[in-house]
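Labels run A, B, C and D following the written order; every chain starts at residue 1.
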Amino acid sequence: MNFNFKKDIKAVVSVIGASDIDKEIEKKTIEIGRLLAINNYAVACGGLSGVMEAICKGVKEKGGITIGIIPFTEKKRANKYIDIVIPCPFSQARNVVVVLAGDICLAIGGKAGTLSEISFAWIYDKPLVALTSVPGWSSSIANQAIDDRRSDMIYGVETPLEVIDDKIKLY
Amino acid sequence: MNFNFKKDIKAVVSVIGASDIDKEIEKKTIEIGRLLAINNYAVACGGLSGVMEAICKGVKEKGGITIGIIPFTEKKRANKYIDIVIPCPFSQARNVVVVLAGDICLAIGGKAGTLSEISFAWIYDKPLVALTSVPGWSSSIANQAIDDRRSDMIYGVETPLEVIDDKIKLY
Amino acid sequence: MNFNFKKDIKAVVSVIGASDIDKEIEKKTIEIGRLLAINNYAVACGGLSGVMEAICKGVKEKGGITIGIIPFTEKKRANKYIDIVIPCPFSQARNVVVVLAGDICLAIGGKAGTLSEISFAWIYDKPLVALTSVPGWSSSIANQAIDDRRSDMIYGVETPLEVIDDKIKLY
Amino acid sequence: MNFNFKKDIKAVVSVIGASDIDKEIEKKTIEIGRLLAINNYAVACGGLSGVMEAICKGVKEKGGITIGIIPFTEKKRANKYIDIVIPCPFSQARNVVVVLAGDICLAIGGKAGTLSEISFAWIYDKPLVALTSVPGWSSSIANQAIDDRRSDMIYGVETPLEVIDDKIKLY
């Protein structure tokens, strides 16, 4: 093989969202995964179900790279679309690593765990993109600042295609 | 000495809030610290400045117990009102330990770090009390649910005295 | 109450060792716990069974203070002799916090987990005392240096009383 | 691109060792890196200097894949041969993640940090291979068991080529 990550991949996108999602969020998330892979972004996520599984499914359909940071010791507990499994058996503290593994952070819906990740992405100064067309914290908090330490905002986008366009602008 | 924690202490309250605060928040926080100690609650916090220092100042004025979970390896970096220093050099992941050290969680103002702690307290099923009379995440998020996993809310209170009354009701 | 930790307590001793031990190690460990409390040392440990439970039993017999850093989210999983429970649900990474919570580290027997804690105490520059009269890593590694970063050694002691005498010399 | 990790990669090898090494260890480590890549193993490591840099240099010479789990928040602090950077800003607790990222663990020399990683690999039931022809913990502890929880040993090997042969036997 001849793997050249730095040449082939533009950036790693940390994708965060809930572990149980409905069909509509799943469909949109898979589509975002496809677009990310086609545009040469790798994806990092929590490696389990819901948004994490849907995004990786989309990425792998297009031959992209997926990194799953799971809160267990056993690698086999990652979803089947994960290429590189990083066991981080630290309960919610694994959320810190999920965020830091990316160069950009994309929120799709999400509950309390996602809200903690949005907070960390803000603190660690990662560009933040949030999908506004699905319910959950990504739409509640889009187009807002979490606090006064940064002069930018969480950038709200409505469609999968916009995610890519805006991310490229941000990064 | 004869230390009997289980007999003397009703519960440990994790107090979360910003590391830089104005005089008004400081004054209210010190007063809450005094009331917690008088009512036999121990306090856990992040062990540094701002709300963390003010709450411990109040607690120690009344001879209470303070636990500081700091994000550094050296114990001496805790504020001077901390009795028991727990170094947790895990960057923002130390927030998980701050929340879990308490039986109840009290938010006073706060920025992105506090928002992550509120999220964790919600996930770990800790009763949550938030001071509404100061700016920051404690007032923005009071009287709301973070997501649908719990049937209760973040309980908003306006005055230091109410904190104690409501906490006793919750716990 | 009137709790004055800084005045009443000379230092915190992190005690490390196996979670399953025989009667002889248990007896010696309880005796060390009593001596530590009588001499105004607080004890930090992993908060579970074996050496962790025996040391705390001894400490509490003499009215001392115990801190238990457990690898679970629920405080109730600490042994019954723990005063202050710090949940640190980070699998083996909690060992870092166990070591850092002390000003000195005392090893009693021990398996692989204890060996990781000895390594960390060495790295974090904690004075290390190891009981040589029981089997396990504390006797295998006593009177040795782990590597060349420090000019001292892991200080081997044979009896509970010697632990106290030597620790006072070290700290 | 068309990245198929599960098909292309046999296993991930966590390589552990000191951050400052002499020319002889460096040369052997680079050679092991080349052999691992040629034989379709990916490498995980701590992502910094010394053994971590040498192993990745060898891997990248042959177009292989490297994963670096660094103890900082900023990705740019990884050595230049790392493809996938996982920031794990948890001080020595990052060692847990380094070990768990691999399916097998290979120790080359090493000091106290490496000893903690050997302990964790033992606890997490990873096959352990240790290079005996260089000084440090890998040779001190080779062909021994850390404790009685496993029936196998840390498997000592003398040459880079043996590492590959033995690892294939183990995994």
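Going forward, contacts are C-beta pairs under 8 Å (C-beta built on N, C-alpha and C of every residue); 3 or more make two chains touch, one makes a residue touch a chain.
In this text the structure is predicted, and so the values were computed from the model without any measurement.
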Any idea whether B-D or C-D has more C-beta pairs in contact?
C-D
Over half shared numbers or under half: where do the identical copies chain B and chain C land at their interface, same or different?
same
Cα centroid separation, chain B vs chain C, in Å, comes to 28
So what's the Cα centroid distance for chain B and chain D, whole Å?
41
Centre-of-Cα separation between chain D and chain C, whole angstrom:
31
Contacts with 2+ other chains: residues of chain A:
73, 89-91, 93, 96, 124
Tell me the shape of the graph of touching chains, choosing from line, ring, star, complete and other.
complete
Residue numbers of chain D touching chain C in their complex, please.
90-93, 96, 111-113, 115-116, 119-120, 122-124, 146-149
Per the contact definition, I'd like the list of chain B residues that touch chain D in the complex.
73, 89-91, 93
Show which residues of chain A lie in contact with chain D when the two form their complex.
1-6, 8, 12, 40, 42, 63-65, 67, 69, 73, 75, 83-90, 93, 96-97, 100-101, 103, 124
